[in-house]
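Structure first, then comments.
In this document, chain identifiers A, B and C correspond to the written order of the chains, with residue numbering beginning at 1 in each.
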Amino acid sequence: MSAQDRWIHTPPRKSATFDDAAIAEIRRAAATGIYDIRGAGAKRKLPHFDDLLFLGASISRYPLEGYREKCATDVVIGARFAKKPIHLKIPITIAGMSFGALSGPAKEALGRGASAVGTSTTTGDGGMTPEERGHSDLLVYQVLPSRYGMNPDDLRKADAIEVVVGQGAKPGGGGMLLGQKITERVAGMRRLPVGIDQRSACRHPDWTGPDDLEIKIQELREITDWQIPIYVKVGASRPYYDIALAVKSGADAIVLDGMQGGTAATQDVFIENVGLPTMCAIPPAVKALQDLGMHRKVQLIVSGGIRNGADVAKCLALGADAVAIGTAALIALGDNDPALEAEYQKLGTTAGAYDDWHEGRDPAGITTQDPLLAARLDPVVAGRKLANYLSVMTLEAQTIARACGKSHVHNLEPEDLVALTMESAAMARVPLAGTNWIPGSNI
Amino acid sequence: MPSVDLASSPLRELNSALHALTDNTNATHWTVSNPRGQHNIAVGLDFPVEIEIDGHVGYYCAGMNKQARVTVRGNAGQGIAENMMSGRVHVTGDASQAAGASGNGGLLVIDGNASARCGISMKGIDIVVKGSVGHLSAFMAQAGKLVVLGDAGEALGDSIYEAQLFVRGTVASLGADCVEKPLKDEHKVELKKLLDDAGVEGVSPDEFKRYGSARKLYHFHIDNVGSY
Amino acid sequence: MCGIAGLFLKDQKLAPELGGLLSGMLEALSDRGPDSAGFAVYGDGDNGQIKLTLRAAPSFDFAELMASLGKLAGAPISYQVHDTHAVISIPTDREAAVASALVGMKDVDMVARGKRMAVFKEVGLPADVARRFGLNAMTGTHAVGHTRMATESAVTTNGAHPFTTGTDQCLVHNGSLSNHNDVRRELIRQGMTFRTENDSEVAAGYISSQMAAGASLQDAMTSSLSALDGFYTFVIGTETGFGVLRDPIACKPAVMAETDRWVAFGTEYRALVDLPGIDAAKVWEPAPARVYLWERH
């Protein structure tokens, strides 16, 4: 190129609007005629807990001595109506993930890991397997719109029931499991033909609205003789109203799943464009509980993008009673492990980015129903890793709580937090760091 | 024969007594009076007991039933026998929405009409409706048989999987992926047995048309996108 | 998300029992709507007279107000106090003077207008609300009632149903509309005013605006099927009419019963169990997207 040409032609400039990802998606859509389906949660950058900081103690407040003074982490879920509420040793639970989405060994590993540290696991669409019941000391049984695998025997075997209204990755949407994962066993449990694409409904077949939900919850209580807690799970979209209505419908506990929450498979457009980030969903949910005089009486379990003990402590400080993890638990088991990079490359992806969980080709043996792949996951080893990770998160949350002078992690308060950005201050309803200004607090 | 008056005795007592039944009981035939539309009567049973409810019931009566034989002498509210596993539930009047929803087994007989979404998400239950059924009946029906002696409302069998539908009267419209299929001898045998079990007399299997899945939605194809 | 009760009498011998029957129906629907309750009763009407329902703060002195309004009207005003509400009857030609006097008053609000309709609603359990207003003693030709479990709008007296947006017109709703904000904006542009942010008031306003433009109740209900999106069961009262409409998907429960003496609507069958002759009534669930209408001629 001559010096002259350089002035005639401007250097190539890519559009910020039509960036590489947008262009690639247009090409993919044009070639296939189907929306992009994938697993995992929102990948776009969202306001998150990283933008919140704790105010440790110094002179005005005293901290607890890190290695000697006790900072408790136990939590009781579901004492509102249930005769046998759930006692968790740590405020971190395992979110609902189906057998079908996950392999048998993965479900077993979740049970082993959670039980080792005294917390609960949750079934998912498609019912309860003996593996997970056998290896989970505390198991929450989900009642989903599809009712796949729903039966009263397993209901009575559960330690708690979770009525799933929605999930953070797709509030308002139904489930999906593509043919590759509908193996004989999965199909048998769900009463579907082997190998077909499973479509499932977004609405429950036999109730709509909070007035009906109240009757549904009463039915589940009558069937289980008022023994075990009943949770209601919602995806974060209108949390103030949804939490208030769940309380009025008689829930013992509420699970609130933000848009960073994962899914086995749904439309990318749904994952990335529907719902509220976890951080901003907590304050209105807590407000609803407070307005009804039910905060700490009806427990709030928050999920969606929880990664470490700081995230846990921040959720609790904002008013949650516990958190649930899904994606993080799978990573602890071995999902997206860089040691498998060569195999991820063969699938056209890379460790850390693999999200085609619906295809059932997971080299880590977690999001698959292929027996050979599933056999790669050693449930004992993977369960131990999950237990380690849960212990680390708990220790981290305790460290922060002690530094804030708390002898129980539940005594963290919103006033222990400040925000680094205007948007996180407005969303989490805590002051911008160094000020006492909460944007929007006067409305 | 135990007799429970729901006007004076709380629902909780009835259900917990029914849940406590064991093999050595003599209380194998119960009558329940004054249900007055109450919800969740006789839910979660798991014992071969006979229950007669004298009057109209509310939501989810006989929900998740196993083994028991429940008769409602009156109308039933939403979700009668929802998620039933086995046994038999009989409604002498009409049933509201979502009758037999997501049922896995057993037989539900409705002498009158069933309204919308009868047999929604059914997973192996057999349902015989002597009257007509409302719109969106057998939506996403997976397995089992729905027999309708009267007419069916709009969008029958929408997004159906492998359930089989038999309708004697007219069908207002078929839902996505639901088509009429030939009524073969093997179907007539099954149908005859169901009609007999439901106590239907003087009706021949030849009077019915059979509907089921065209199986075009079993694997996503862009040309079927209008059906979603 | 709520309970609805409606009763339309064909046999006027039942008129003295109207309030008592509706009261029982509402109480049966308490679980579905423990937040607030309300009802509209269509009673007697005199030619040349208009009935205004007033609502005031607790222990408001209606007698004093009536004395001053009586001077404006040029004659004593007949009125009946029902707890926080009062129904006054005035000559139509004196209405403007009385209404303008009421506009400026901060303790009292005019909440309904009709030749025959009076509307009562308050926060509280349905049975308590019915007792406070003395529903048992009310008589008339038809009545519409509601018990409310608030979804997205506040639990206030204004947010309780029925909503009335036109003379002798009222509407109660079970469900949730998904396009009410846009419809509200358009109705406001046309000059309508709203008291609440409630989706149900928009539905009432839509029916009123259609009827104000000359549509029959039948036509207004039919056009609401395309204008209003979401889930709904409406029961609508007019001076002579009683209408029922469910959305085309029709998820929300609804049951109707009819004998040669009455037509009744209940969100659950429980609401109908004590009606006279219910055992022999025709009982059915209204079909989706179909207008049901009974008119007195």
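Convention: a residue touches a chain if its C-beta (ideal position, glycine included) is under 8 Å from a C-beta of that chain, and two chains touch if they have at least 3 such contacts.
The structure displayed is predicted, hence computed values, not measured ones.
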Item to complete: Draw the chains as points, connect those that touch, then say whether the picture is a line, ring, star, complete or other.
Response: complete
Practice prompt. State the chain with the largest centre-to-centre distance from subunit C, centres being mean CA positions.
Written response: A
Worksheet item: Measuring from the mean C-alpha position of subunit B to the mean C-alpha position of subunit C, what distance in angstrom results?
Response: 37
Worksheet, complete the sentence: Averaging C-alpha coordinates per chain, one finds the centres of subunit A and subunit C separated by a number of Å equal to 44
Worksheet, complete the sentence: Residue numbers in subunit C touching two or more further chains are 251, 253
Fill in: subunit A, residues touching no fewer than two other chains
212, 215
Fill in: Residues of subunit B whose C-beta touches two or more other chains
58-59, 78, 97
Discussion item. Per the contact definition, I'd like the list of subunit C residues that touch subunit A in the complex.
Written reply: 1-3, 31-34, 149, 151-152, 174-176, 231, 251-253, 267
Fill in: Residues of subunit B touching subunit C in the complex
36-38, 56, 58-59, 75, 77-78, 93-94, 96-97, 113, 115-116, 134-135, 153-154
Worksheet, complete the sentence: Within the complex, subunit B is touched by subunit A residues 32-34, 146-147, 150-153, 155-156, 179, 190-193, 196-197, 199-201, 205-207, 212, 215-216, 218-219, 222-226
Item to complete: Flag every residue of subunit A that touches subunit C in the complex, lowest number first.
Response: 203, 208-212, 214-215, 238, 241, 245, 248
Worksheet item: Which residues of subunit B touch subunit A in their complex?
Response: 11-12, 15-16, 19, 39-40, 43-44, 46, 58-60, 63-64, 66, 78-79, 82-83, 85, 97-98, 101-102, 104, 117, 120-121, 123-124, 139-140, 142-143, 159, 161-162, 215, 217-220, 222, 225
